[in-house]
Every structure is written in structure tokens, then in C-alpha cells.
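Single-structure report; data block below.
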Amino acid sequence: MPKTPLAARIALYCVVAAVLTFLVLPILAIVPSAFSEVSYLRIPPESYSTRWFAVFFEDPEWRSSLWTSIQIATSATILAVILGTLAALGLDRLAEPWKTLGTGLFLAPMIVPVIVTAVALYFLGQQTGLVGTKLGMAAGHTLLCLPFVVINVAIALRAIDGDWLRAAQGLGAGGPTIFRTIILPNILPGILGGTVFSFITSFDEVVVSIFLAGYGAKTLPVKMWETIRLEFTPVVAVAALFMIMLTVLPFVLTRFFGTEPGSAP
Amino acid sequence: MTGNKGKSLRFEGISKHFDAIAALSTIDMDVSAGEFLTLLGPSGSGKTTLLNIAAGYLDPTTGRVYIGDEDVTRVSPRHRHIGMVFQNYALFPHMTVRQNVGYGPMVRRLPQDEIRRRIETALAMVKMEDFGERSVEALSGGQRQRVALARAMAAEPDVILMDEPLGALDRQLRKEVQLEIRRLHEAHGRTTIYVTHDQEEALVMSDRIAVMRDGRVAQQGSASELYHRPKNTFIARFLGESNLISGIVEEAGNGQATLGVAGLGMAFRAPAADGLQKGETAALLIRPENVRLCPEASHGITGQVEERVFLGEIEAIRLRLADGTDLWSREFATERSERAGRLNASWNEADARILPIED
Amino acid sequence: MVAGLLLLPVGFMVVWFVVPLLQFFGNAFTSPRGAMEPFWTLLGTGVYRRIFWNTLVLSLAVTAAAVVIAYPVAYALSRATGSKFQVILYCVLFPLWVSVLVRTFSWILLLETNGPVNRLLMSAGAIDAPLRLLFNNTGVFIGMVHVLTPYAILPIYTSMSRIDDRLLQASDGLGASVFTTFRRIYLPLTMPGVAGGAAFVFLLSLGFFITPALLGGVNAISIAMLIEQFVNEQLDWVSAAAASILLLAAAVALLAASARFIRFGVMGVR
């Protein structure tokens, strides 16, 4: 791009800084509130203490909701990765128009508004008694996580050159060997990316969770949702803080273990 | 490698149709064990299709493929013991050079020391011994090409198949590698089928060449045969430079013919291809290097020098003849050669050839 | 082989997605007052129409705002290198990793009457009395723009990063000013990304639940909140299904219309 005038560049810099601040600061602003001493929420808090952390951990409902979230996120991620990888591998071999249709099917949960999916699953759940069960919740989350895995693995698959497979075949390798030695190593980054996205999506998931939680499967966001509407105390900020940490952590880890996000998906 | 010359390969009645399009029609061809055969042709001629049928990546619509004595038409590529070198090398990017080269033996579960031996022999053969631990991403085009060849060799195949492997290399490197492949073939002696559209490459490397066109074999034979005794004008033009003068066949028989060229008011006698009929339109082939120029004389062909092209060691001179056609002559360039004005062109009758016309 | 791979995933999708949706939608047509009656009620009654209209207008406003502030950030991202790139990227990605619930919650704290935004404006002398920023469309608007802007940034960035610099150099060499090059070459080339980002943000806005519920309350009901009310408060599955069908139809229509402008390069689906 030809040299833009200095004034324009400064203006751009300011605008971008302002927008980025707008995006990031409000989230970080919650953090101090978790350390508030008094029982009403204010940014910034008037005085600091850690008593609300104690409240969080002493309350069995908060504790169990955190544990439930971790359980659900883990199981949904495992399921989504298995199903999603199979789906991406299968889709890759399909001819049109099945390929497009199949892709549409697996990406549909991202297109159908979450509220609609949530209510539909609630309807099914009520009939089958799955509302309030961890099984139902995990299934619902898996559904929402699947598209991310499929996309990540599909992108990795597209980068595989058909000639590599033909070369391996000509050298005497059969289907399973080709998968193990050629395909799998090359889609591993995609699977990993899908895993991280899945975990975060499940952990953050609110709408479907609200409907499917019942009494037995309250995840952390569900407990937060209920608490916000009933008692507006800093314990919610503590929960929010945990949510921020647990969803940012996987990405920080992947950063340190090599996989740079690079460019946008 | 072991003294194995590889096996012979035979195409019997091979044809290949993709829906309505006939990519190959009735190919019958024999490749002897240890031979280096080149499939030469323009794009769309079916040469890569035929190669893929030999490998087993494509099934023929009709016909059979034999490797050695075995009918392998129904056998998958995995079990045909072929070694294929792809146009873009198809090296596994997530493996080192060693791992790539050793892939074939590894997959066949050979004992560890045998795998090691094969890797080392193959790498030594292509002079890449020091590159074992390198990642393939870091290699240049020429180096990748050699690793691809080593990988095919390490599998100790019965037949080696090469699909335009030098296409991505620059001219100088291509020439070097051509000679290297040639030398390697002399060393390992395995049956090789090589596909290219570059006629120079075919001439340099092959024992035998099969020129393909529109899914058929237009002519096959040694490089010398194809160059000196092409069957028609297409082959003549495809291999080497040519002058083609059209005319009418006045008589033909016993491997000779006479071609009357009205525009020049002359008739030429020369050896002829088969199948020429009296009265048919045909062409006289005379290669530029066989055209001798001397000062204008009263008989023979005379032309006006219109263009001189400097080609390094050779100079190409274009004469404009009386009927408007061009005649090219090539001779060794010396500083003193001054070819200008009107010159006389002549050649040995035995060096010319009368051919049927085929575009 | 293909069938074997797809058996489990497709089975899962059918059982947990397709069947529940179809079953739920089926409800819409089971009203004793006639199969299409719920739809006419929804589209005809003033209360409901206001909700649809409100959601639509709000979504349009949010989309416009998000795209406008996303554009410069996407541009900066496409031009940045090294650590600058990383910083901007993480600032854009960080909100995406945080739950919409947490992000909305923070705005409750920020926008309340005694919250930092009002305090700041008052101490700067811009206003005399605190603004009512919560429990109305304003709060919902701000919250939704905050949540959805990153979804606009990424597609716009992708299309920007694909632009060949040589096109811009050519325009410059032919004598065009920076402004003209931007207007006639750069901007049009980024339009597919902008359209894609806008479509995605609009799609999400239409179905938004959490943010309008927490920041808007009863004064700014969205379609999603309406559906939730039908289900939880009125136990009216018929209306819930009808409203859901209308919402989904709007989403699909939107995607179909914008598909002309977007290349679904993600999966090689064209």
C-alpha cells in the first residue's frame, strides 16, 4: 500500500487502540470485583478481601457446578473429537453433492440459532427424562462442539496432497498403515485445535445448558445465570473469574507448546 | 542394488475411456526387462494415463497389464512392486529424508538392518548420503527429486515409473539430472518407463521411445530410428528440427519415392516411409543439419537468405525459396562465416525422407 | 469405507439434532385452532410484531456498528507483523474465549447507574444526571456490539489478507490518490469479507438470548426471550415452535441471500 499520510496513520492507531480497549477492558474489569469486601458489586470495589472466594468454595452448589462443568467439557470434547474426526475423514472422501450436504449437516448447529436448538433439545429431554442428567447435557454440548472439530480437521485434511497417499500405496502400504503413518500425523494439529475449541465452547456454553440443567446437571454458567437474577453478590464475580481463567488457559498452553494461532480461521 | 534387472512389462489391448472420452485406444506394447522406455507426447496424448494404468492407480477399460509373467490388471498398486516417482515428488513432509526413503521397506516389515542397508544404498546411489536426517522441507527441487528416486529405488521394485519428474527444475539442472538418471539406470538396470513431453529429454535418456498422440502410439523405436526414419510429418516435427516441403507423390515403391514440387519446378527422389500412394500429397523431410549451402549455382534449389539465428555453437540460416517456402540450414558457426544474399541449398538424397502428412 | 466412517457421526447428528428439531417444529402445526394459526397470531398481534421489529432493528444497528468498528481493526491486523500482530490478534481472540455470560455480566456492572461509565461521564462534566444505560435497548445494543464485534473482525481480516498488494501498487502507479485507491480498489475487494462478517453477526444477533435477557430485561425483549417465555412461563410449545420456525427461516433466508457474496472457503464448499 502506498504511503498513507501520517495523520491518517495516527488516527487509525487511535481508533484501533480504542476498539481493542473496548473489547478487552470490560472483561478485565470484573477481576477486581471478585476481591470486593462488601456484598454489593461495584467497579472498582471500595475495599478488598478474599471472602467471596471462601463463599464460593464453601457452597456445595458452586463447587459441584464447577466440577460438573469440567466433567461435561471433558466428555463433550472427547466425544466431539472422535465423532468430528470421523466425520471430517468421511466427508473428505465423499463426492458432490453429498459432500456439501454432509458438510451442511455438521455445520448446522452453528447456523441454527442456539435458542432454537436449546428448546428443541429441552423438548426431547422432557420426553425422555434427560433433562437434569449429565448424559443429556454432554450430548447437547457435543452437538455444539462438533462443528469446530470438523472444521479444524477438514482444513488439515485439505492440505494433504493426494500424491502422498498414492506414493505410500505404491510403496506397499495398505489403508490402515497409510492412515497411521501419513494422514494422522498431518491432521494432528487440526485435531488439537479442535480439542481446544471444543473444551472452551463447552465450558462457556450457556443457553443450551440453562434448558438442560434441571437440578442434576448445573454447570458453572447455569449457576451463574441463576445467581445473577436472584442475589447479585461478588460471588458471581468469583465464578466469572474462574471462567475466564479456565477458558483462557488452554490457549495460553497451546501458545507455549508450539501451535501459534497464526492467521484467522 | 542387487543385480535384479526388474521385470518386463506388457500392455495388451489397453484402452481407457472416461465417460465418452477415449483417453487411450488399443495400446499394445512390450517393455523388456531392464529397458528404459520413454513415453513421449504432448499433453493430452494419454502418456500419463498409460503410466497410471501401469502403476494400478487407474483401471483400464479393456486390456491387460502383465509384469513379468503375471497378469496384474486386477492387482492393486500396493502389490505390484512398482516404484513411482511423481511430478511434484510427493515426498512426505512430516518425515526426514531417511524416513521417506525407508518407507517402502518399513511398510513391508523388513528387518531393521535390511531397511538400513537399503536406505544407505539408495542414498549413496543418488549421492545424498549426508542428507539423511534433514527434513524434506529444507531441500531444493533437485535434491527432492533425488530423494524421490531413492525412495522408489529402496523399495527394490520390478518396474520404475517416472511421471515427468524434471518438470519443475530449471533448464541447467534438468540437463544435469537427465544424465544422472541415465547413468543410474546403467548402474541399477531396472525396467523403467519414463513419461515426458520434452523431446530432447527423451532423446538423451532412452533406449526406446514411444511417441504418443491422442491416446495412440504414433511410432515406437530407438531414438535414432525415430529421428532418422519417422513415419510421418507429426513425428518428424515432434523430434528435432525439420524442413518439410509439400508436394505430390509421383511414384513410390521399394522404400523409395519421388515427390514433385510444382512451386519449385523440381522432383525429389528420396527414401520413403511405408504406405505412400501415387498422387497423394506428401512432404519431403530434410533436417537443417543436412542442408548444405554454397554459392549460387545454376541447378539445384536457390534461395534468399532472410534470417540468421545465433545459437551458440550453431548458426541457423533461413532461406526463402522461389515458391515462398522457408528452408532452414544449420551449420557450425565460425566467426568468418558470412552467409548472405542468394545461396544454393543441397543435400544427400539418402539424408532426406518422404513422409505422409499428419498434423 | 466412507459409510463406516460416517455412520457414528451422522447417527449422532440425526438422533440429537435432526430428530429433536423436526419433532419440536412439528408442534407448531398441532394447534387445535388450525395448522397455520400460530403463525398468523405471531405475525398479526401487535405485541409480538413489536418484538420481531425490535429484534430486527436492534440486530441491524448492532451489525452496522460492529462492522464499522471492526473494519479498522481488521485492517490494522492485516498490516501488522511480529509482536504487533500477536498483540492485536490476542486482543481480538481473548473476548471470544470468554463466555457470553461473563462478558454480559461485566456490562451490568459497568452500565449501572452508579457504575464506572456514569461516574466517569459525570466527573468529566459531560452529563448532570446518570444515564439510564441498563434495562433498555441502549444497554443491549452496547453489550451486543461488544460481544459480536470479534465475529466481524475475523472474516474481514481474512478477505483483507488475501488482497494482492500489487493491485494497490498498480492503482498508485496509474495515478490514483490514496483515497481513490481505497475507494475503488481496496474497499470493493474487502466487500466479500465484510458481507460475510455482517451476515454472521446479523445471524447471531437475531437469535441472541443472554445479552438481551440480562441487559434489556422487560423493556427490550428479543425473539429468543419470547421463545423462552413461551416455553418456561406459558408452557406454550406451539407458539414456541412457530416462533422458532420463523426465526430459523429468517436465518436461512439471510444466509441464502448473502451466500452470493461469500465464498465458503472453509471446507472447500462452493
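Letters A, B and C mark the chains as written, and numbering starts fresh at 1 in each.
Please note the rule applied: contacts are C-beta pairs under 8 Å (C-beta built on N, C-alpha and C of every residue); 3 or more make two chains touch, one makes a residue touch a chain.
Because the structure is a prediction, the values reported are computed rather than measured.
In terms of which chains touch, the assembly is arranged as an unbranched chain of neighbours. Of all chains displayed, A has the C-alpha centre closest to the centre of the whole protein C-alpha set.
The most distant chain from chain A, with centres taken as the mean of CA atoms, is B.
Centres computed as Cα averages put chain A at a distance of 17 Å from chain C. In whole angstrom, the spacing between the mean C-alpha positions of chain A and chain B is 57.
Averaged Cα coordinates give chain B a centre that lies 61 Å from the centre of chain C. Touching of two or more other chains is recorded for no residue of chain B.
On chain B, the positions that touch chain A within their shared complex are 55, 57, 76-84, 86, 88, 90-94, 103-104, 107-108, 151, 155.
If you check the complex, the residues on chain C that touch chain A are 1-3, 5-6, 8-10, 12-13, 16-21, 23-25, 27, 69-70, 72-73, 75-76, 79, 88-89, 91-95, 97-103, 105-110, 114-116, 146, 149-150, 154-155, 157-158, 161, 165, 168-169, 172, 178, 181, 186, 203-204, 206-207, 209-210, 214, 224, 227-228, 231, 237, 240, 244, 247-248, 251-252, 255, 266-269.
The part of chain A that touches chain B in the complex is made up of residues 161, 163-164, 166-174, 177, 181-182, 185-186. Taken together, the chain A residues at the contact with chain C in this complex read 1-2, 4-5, 8, 12-13, 15-16, 19-20, 22-24, 26-27, 29-30, 33, 41-44, 82-84, 86-87, 89-91, 93-94, 99-100, 102-109, 111-117, 119-124, 139-140, 142-143, 146, 151, 154-155, 158, 175, 200, 203-207, 211, 221, 224-225, 228, 236-237, 240, 243-244, 247-248, 251, 261, 263-265.
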